[in-house]
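One chain, chain A, appears in both complexes that follow, with chain B as partner in the first and chain C in the second.
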Partner chain A sequence: MTSGAQVAQEPATSTEYVGVSVPRREDFRFLTGTGTFSEDITLSGMLYASVVRSTLAHADIVSIATDAARIQPGVVAVFTAADFGDDEMGTIPTDWELPIMDGIPARYPLARETVKYVGEAVAVVVAETRVQADDAAYFVDVEYAERPAVVDAELATRDGAPLVHDQYERNTSYVWHLGTGDWDSMAAAADHTVDVRLVNQRVHASSLEARVSIADYQVGTGILTLYLGTQNVHVVRRNLSIAIGIPENRIRVVTPAVGGAFGSKLCLYPEDVIVSAASRRLRRPIRWAETRAEHFTGTSGGRDHIEQVSLAADKEGKIQALKVTTYANLGAYVSGMGAGIPVVSGMVYPGVYDIPVADVDIHGVYTNTSTTETYRGAGRPEAAYLIERAVDELAAKAGIDRVELRRRNFIQPHQFPYSNATGMTYDSGDYEKALDKALEMIGWDDRVAEQAAARAEGRIVGLGLSVYTEFCGFGDSFQLQLVGFDRATWEQSVITVTRTGSVIVQVGIDAAGQGHETSIAQIVATELGLDIDDVEVLQGDTDVVHFGTGTFNSRSMSSAGTSAALAARKILAKATRLAAHMLDVETDDVVYRDGVFSSGPQPEGRQVTFEEVAVEAWRGVDLPEGMEPTLKEIAVFDPPNFTSPFGVHVAAVEIDPDTGAVRIDRYVAVDDCGNQINPQIVTGQIHGGVAQGIGQALYEELAWDEEGQPMSTSFMQYPVLRAHHMPRLETGHTVTPSPVNPLGVKGVGESGAIGSQPAVVNAVMDAVRHLGVDNLDMPLTPAKVWTALQEASR
Partner chain B sequence: MTHDTIRTGRPAAAQRSAISYTLNGEPVSCEVDARTLLVHHLREERNLTGTHIGCDTSQCGACAVHLDGRAVKSCTVLAVQVDGREVTTIEAVRGQGPDDLHPVQEALQSKHGLQCGFCTPGMVMTALELLDTDQALTPEQVQHGLVGNICRCTGYQNIVDALVELSASESGGTR
Partner chain C sequence: MIPSSFAYAAPATLRDALSLLAEHPDDTKVMAGGQSLIPLLKLRLASPAVVVDISRLKALGEIEETPSAFRIGALVTHDRLLGDEAITEQWSLVRDAGEELADPLVRNRGTFGGSLAHADPAGDWPAVALAADAVIHVQSQRGAREIPANDFFTYLFTADIADDELLTHVELAKPLPGTVTAYVKIDHPASGYAVAAAGVSLTIDASGTCRAARVAFTGVATTPLRSAAAEQTLEGSTIDAETIQRAVDHAADGINVIGDGYAPVDYRRHLIGVVTGRAIRRALDRRNCTPDNHERPHT
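Now for the complex of A and B:
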């Protein structure tokens, strides 16, 4: 950890911005339609691209006829893979190749011999207008020789399943084992065992802004600029450089406003490379904007795990061992961090429980579907769902109250930092406290009594809870690189104080609606004792911020927030030393508060303002011995470990017996993300996460038929939550600071999506279990619930 | 699925039509392709990029504008259809001064009713119509009034709260 100098014992400001719901500075531009999103950018001489995509899930490309397309009005060029060598359009790198994988299958931006999922790019038409490009794309004629396809990850591992990649003998890319101890002997000695098979279906982030890429290759300088909505300009720069053969210092990646990302805009995508290569060839800027249908078929989704879960417990319900076999669908290729997510998911399978033995096998499997990747929670929703569903089944089978059973198994506060049986270290936690708060908020005992009365009337009601922990703020770097993680874990901030005392903060993260400009300004203004309006936060442009690791894993406050605070402390340390020189006193005697340095306790002492010190630093004429001019500092923070947010979600549901529709009557979420920078933003993140979690629990599924044809290509077939679907969210918080960063923050972007699915499904299961329904898989659509009730009543 | 279903736009001979209409209070006369949607006309031909495209299938409401004072999804309207009519986009929604927010915008900001901001212009345009009533709206009325607008970030609650509160204050609390 980089340590910042501790300058002032007293806070530098009487205006404490941290912990306050400062209004977001981002809001004005979005409310007025003046926020610039990628597709709002028009460059002089810009062309438009339309991508021709595979219509089959698995096929050899026999031929691609482009002549008819080339002669359409406005068409400038039609390209296929044959038009580019590896030096111009090479394979797309991944960011996570597990050491036990037998390499990763080559993924060319434009398919070469075969296509492996519906939606894979096979050609691109470039024309003077978007409409002309789209029109001409119909004239590209691709002849395919169809091959058998496989969609389901478990079926794909069976003997005789169609092979997605000819060079491998099986579709299983890896089997990663986690855990220690002997499951068999624990199970044999157990008083209670449960076995549950769970399907955590494929879902899709489906941010309201789909993806857009604009490439602008300038032949005079040899510099390629790529504008796109991404969570991660620097990783895009690196991977694009590898794919296209332009050195990183001649690639500029810019992400303007991003209309939602949720993990889906984290990797380099084929179209980013296609437009870049085409722009370089044609020497003109090219814009490609995804349609919603392309978004559903080509942009990575998340989850898609099939899990067999077993628990063994003693007479009191103390869980002795956990056994899990997971089939994780990677899709047709390995996208970004896609290969690693199932493994880190397994690392939190034990959840909040002190389980001594774990025996976990994770199968990463190729199928003829689009790729899976990071999606809000990325592994932790799967883990929380798995363990919380299983614990409820154990409680039901053992006849032990589910709240009491959880209490008996909780990791206790004194056990932190706690290393679980699958190799994850949790930084801090107090699960009883969060549980007590959530139960109090919902009035658990009263709700149980009400439920009994309602059931006596024949109503189908249920109460469900989940207690989760997760991991955020990727670290440490050593451990992660051992398992093949090929991103950095550090984050950097550079702070520059201008001649007039205004502050520029350059951070290596890229916001997609989280309000980073506001939150980072809160941190820096507090550290520097300045008005928040004096602090400007810049991100999302590799020419402005030269290095960074990006926004994912709810890491922006714990990593970038910390690095910004540390850089601010360095600034203040230097400014204080200069102020002492100006005041002709010892540095230790200088008192700083609210933009004023004093030679002693204010207001008696002589004073210089922050701005006067900034001027002196800028002039650089009369500086203390050895001091360089200017106030400009960099801090790089590499977290020593993950943080472990946690929380408790409780849902009360009622099911309409005539339709099977689930209505959520009450929803309580108590989340602990450590210290909070901006409580309003924190709660907003919980709201959004819970909405997506409820969406997965009740409505959403990205589905393919057996031939690999996508069945969810618009918001009609993929019903994201609308306003009237939302229950009233009652939110609460406990605060257990993280010990792994000096701000004590844990991260909150994904928690809502982690706690919510198990709470909702456990509530539904509670409603229907006593009616004879022993399992339901998400999404709990009316048809599915109604059918299960009918079958159970036969 | 053929790729016809995964792309917008349909081949058609470009047939141009002259239209005259009022855009954000100013007269506009121009030629448009017969098949050009209002949303594409606004974004690409009038450079009004505050109106967004979220779904291509008239389900998300990111492209909502006002046509003769009523909120419409501008992806369901052809540009030629606005001939002789009045179109208002988010760019014309402001408070008293150019840097002031309209009360609907202020309400959304104070309740943190936006995150990424991509749905926000459409939400504002829809909300303006929804609030065009003397009655104080209930949360259920607002929820159902926003049924055509998808927000993927906020979970809607803060948007609903903002509009319910604003509606109550503008109606003097009568319901």
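Now for the complex of A and C:
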């Protein structure tokens, strides 16, 4: 299936691993069932928790009867919110409170007076076995007084809509304005305007492994250990500390292997706090493991934006101005980074185009649904979809070729760093290069000709493209704190060289399948000139790595990769100084290559090996003046700005006129993530991202009915892409190194999910527009496409 | 999730199995391959007091061929049936449906009989059984009964089997000379179940006239069912483009079509016509292919 992955080639020198497709060291354990996931952890004396959840989308809790559950076999305790004070189980903090928000609605791990979405936790049963806990949970009787519910973000802003939170006068949490210039005057003077309403539906990451939380409070030490699958152990540590009042230095958070996360495992969840508080109360370890139904109803999904977008352009199709009104569904509460995602989405609404004027209003809205959060792309897929759909509409309306129209509007390479009209600075880009490559790979002109012939036969075929840019590696901590971002932007790495010359790298990121252990080892082995097998990468345990910000926003290579390289350079500088001392030469005269320090050009000079230097550093007996023993260094890298990956995706589709089913015949993805550490991992990330993007474009939707009852609670209803739904991907790359970090890397984890939905939907729109269909919203299910074709032909 | 607790019995003989069913007529579930029942138990959509596992009844695991019919035991797996060349050569729609049914893991464990008894309104085998005029044999301590497929599926997940009865085998008569069959399914992208599927059996004489037609659907109503309107359109006619179109146009007549978020009623009604036309054409394509050319005498 893959065309871009390259087999490892013999590098120039034996320790030049960067840029080489080193096989992932993680894969053996993941593919052979020898990895340890959270639910594989069983502690002595462990109890099991089962959570009782709201069956209504909005209701007052009249009473909770737990007596019948308490007497069930094996039950140790049944807790409700009434059993814990704020000091033991306080509200869940968020990581991103926009300064214009009127506070954050209190979210208690166990609901107090009201429930605000189906699936909200109201009680927890703790028993000796999982089965006993699940059985007893049926005996918890919650009496509700139902209230009207609202699930649609736009409807929730209307007068008379049911209020999700009584303390606010409206469901709108904030309206954030972005942009510069005057839309009205630009629109009045424009030769062409288009106006499109788009729905970017709620989707769910649906990771293979659902969530698991195991809390172990040790009364002897007062230390709480929490094992869970998360993308950021340190953020969990901080937020858990706030929620349960145990200081951070007495909390240990461990994330073992994680079976997929995609942004859904970034925030602290109610169950993490519930098992922690319950373990402290009962003085026994407690495990809670989510069911798939709980995962669909309780774990945060992503997207769910309704957007009205307008473009104004001159005669040649040069876009003069952009206007957008967005209703973003936050869900019932503010989860983790949930409030900020719609705003940063707005910051890239202009996409790859040099648009001088923008007028953007983002409405963040509460509804009686589960919370929205980061999901692969988090704001950039919405933005790319918005601008790329609108640009295609403009091209169609203005009668200008859509490729040509894009070229006329591209930000040009000499304009970088480029600040767009919504306040985002792009570090670099060369869109024409990627566009030319993608068009060549698919044979665009030939495909257009074929399409004309196919249409003459009555076939419904379409070609679509998207050109995107995005932002990765959360940078510029000052700017981000102005918008209320309450996470660090830096990343730290600690490198320790052992007595025998092997290397331990501790990084503050937490992989959920991305291959960090391999790619970070590639960077460090290359920097240190060592065999990659001598480098071990540790992550995911706050007792092993004391600081970190975690894995999200495709930041792991640009932040942790860079800090690891910088720490390695410190190690090498110290080792070189010690080697010079050992060789009795000046430091500047030492030549280092592939694990060997020489007093001059190899092979003539005298030599000491890296290992011999490590021994000397460890012994600490004969060191240069002022040098401390050991080779151990820390580096913290705070990126000065975001990186700006970009790319071009092209899809060719055919629609079955009888059923409306969309088939993707060709799919080309050209992505530029700057320098690549491991090309095979890069290609793999593109494949996974494209799969999730196609999933959103054609299949997936996490929906609720009008009463707020979830429509998808299992894989029987929610169509995660299967292998046979996936087209063969043709991948290619251009390389435009980032100027904001010394490795020149940008990030690639989300790109595939950003470029793909607009490419696929634009291809379908291209197929049906000339038949009279003027808009379609994702997912493009067969029924939806067929119905639109029927209506158009009437 | 984990099922609520239940008593489990795995009788070694049919007599013991029937005796268990007679003892616990209420609240008992029979398990063959477990591919439908176990998920229901885990989701606690079914919480029987007793599960009677019939997998040790080896006698029910055989396919017997007689001069006129195939007797398919209740424990014959999907995969076993799919691998039976005598059946799939004569009843091509068995191969069509078997290849579309779930995935290899399910096909290795799930059973033909269990699938019919489960009476899923979107199951694949029910449409095959209807199109092939299969006869379902059930047994209890009270005696044995045989039920034509057309009378077997009574409601959502409900078949004409009493609580004390066990489906023992299904009889599939050999097709009449000139019979061609096909099964065409449009599946749901999540569940893989039929959004609409048609099983078609056409018996066409030497003059090209259709002497008998069976058109059965699954996924479209509260039970799998046959289309009287489509069958009447086809029987007695030459199957040309015009006849096929008439069958397509009338295929959904009289059917109370169900709708849902993925396939609303109007769309699903339209799909009934689509799968009808495709299944008829697929069957006709087999008229001149050797495996299905039953005008040749069988030996």
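One rule holds in what follows: the second predicted complex is superposed on the first by the 780 of 794 C-alpha atoms of A that agree within 3 Å, B and C clash if a C-alpha of one lies under 4 Å from a C-alpha of the other, contacts with A are read in each partner's own complex, and residues count from 1 in each chain.
The criterion applied here is as follows: contacts are C-beta pairs under 8 Å (C-beta built on N, C-alpha and C of every residue); 3 or more make two chains touch, one makes a residue touch a chain.
Just so it is clear, the model here is predicted, and its values are computed rather than measured.
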- Item | Partner chain(s) touched by A:30 [first = chain B, second = chain C, both, neither] | first
- Item | Contacts of A:135 with chain B and chain C, given as first, second, both or neither | both
- Item | First (chain B), second (chain C), both or neither touched by A:771 | neither
- Looking at the overlay, what does A:634 touch: chain B (first), chain C (second), both, or neither? neither
- Task: Mind working out whether A:699 is in touch with chain B, chain C, both or neither, as first, second, both or neither?
- Result: second
- Message: On the A-aligned overlay, A:208 touches which partner chain: chain B = first, chain C = second, or both, or neither?
- Response: first
- Message: Quick one: is A:573 in contact with chain B, with chain C, with both, or with neither? Answer first, second, both or neither.
- Response: neither
- Message: By the touch definition at the top of the document, which applies to A:715: first (chain B), second (chain C), both, or neither?
- Response: both
- Broader residue contact with chain A after superposition on the shared chain, chain B or chain C: B
- Would you sort A:52 into first (chain B), second (chain C), both or neither based on which partner it touches? first
- Starting from the residues of chain A touching chain B, keep only those that also touch chain C in the other complex, and list them. 130-131, 134-135, 291, 293, 714-716, 720, 722
- Message: So in the complex, the part of chain C that touches chain A is made up of which residues?
- Response: 1-2, 4-5, 43, 186, 188-191, 261-264, 266-267, 270-271, 274
- Item | Complex interface listing, chain A residues touching chain C | 130-131, 134-135, 291, 293, 658-661, 699, 703, 711, 714-720, 722, 725, 781-783, 786-787
- Contact residues on chain B for chain A in the complex? 1-12, 14, 33, 35-36, 43-44, 47-57, 59-60, 62, 89-91, 93-94, 101, 105, 108-110, 112, 114-121, 124, 140, 142-144, 146-147, 149-160
- Would you mind writing out the residues of chain A in touch with chain B in their complex? 21, 23-24, 26-37, 39-40, 42, 50, 52-53, 55, 73, 118-119, 130-131, 134-135, 137-138, 205-210, 257-262, 289, 291-294, 297, 512-515, 680-681, 683-684, 687-688, 690-692, 709-710, 713-716, 720-724, 726, 728-729, 752
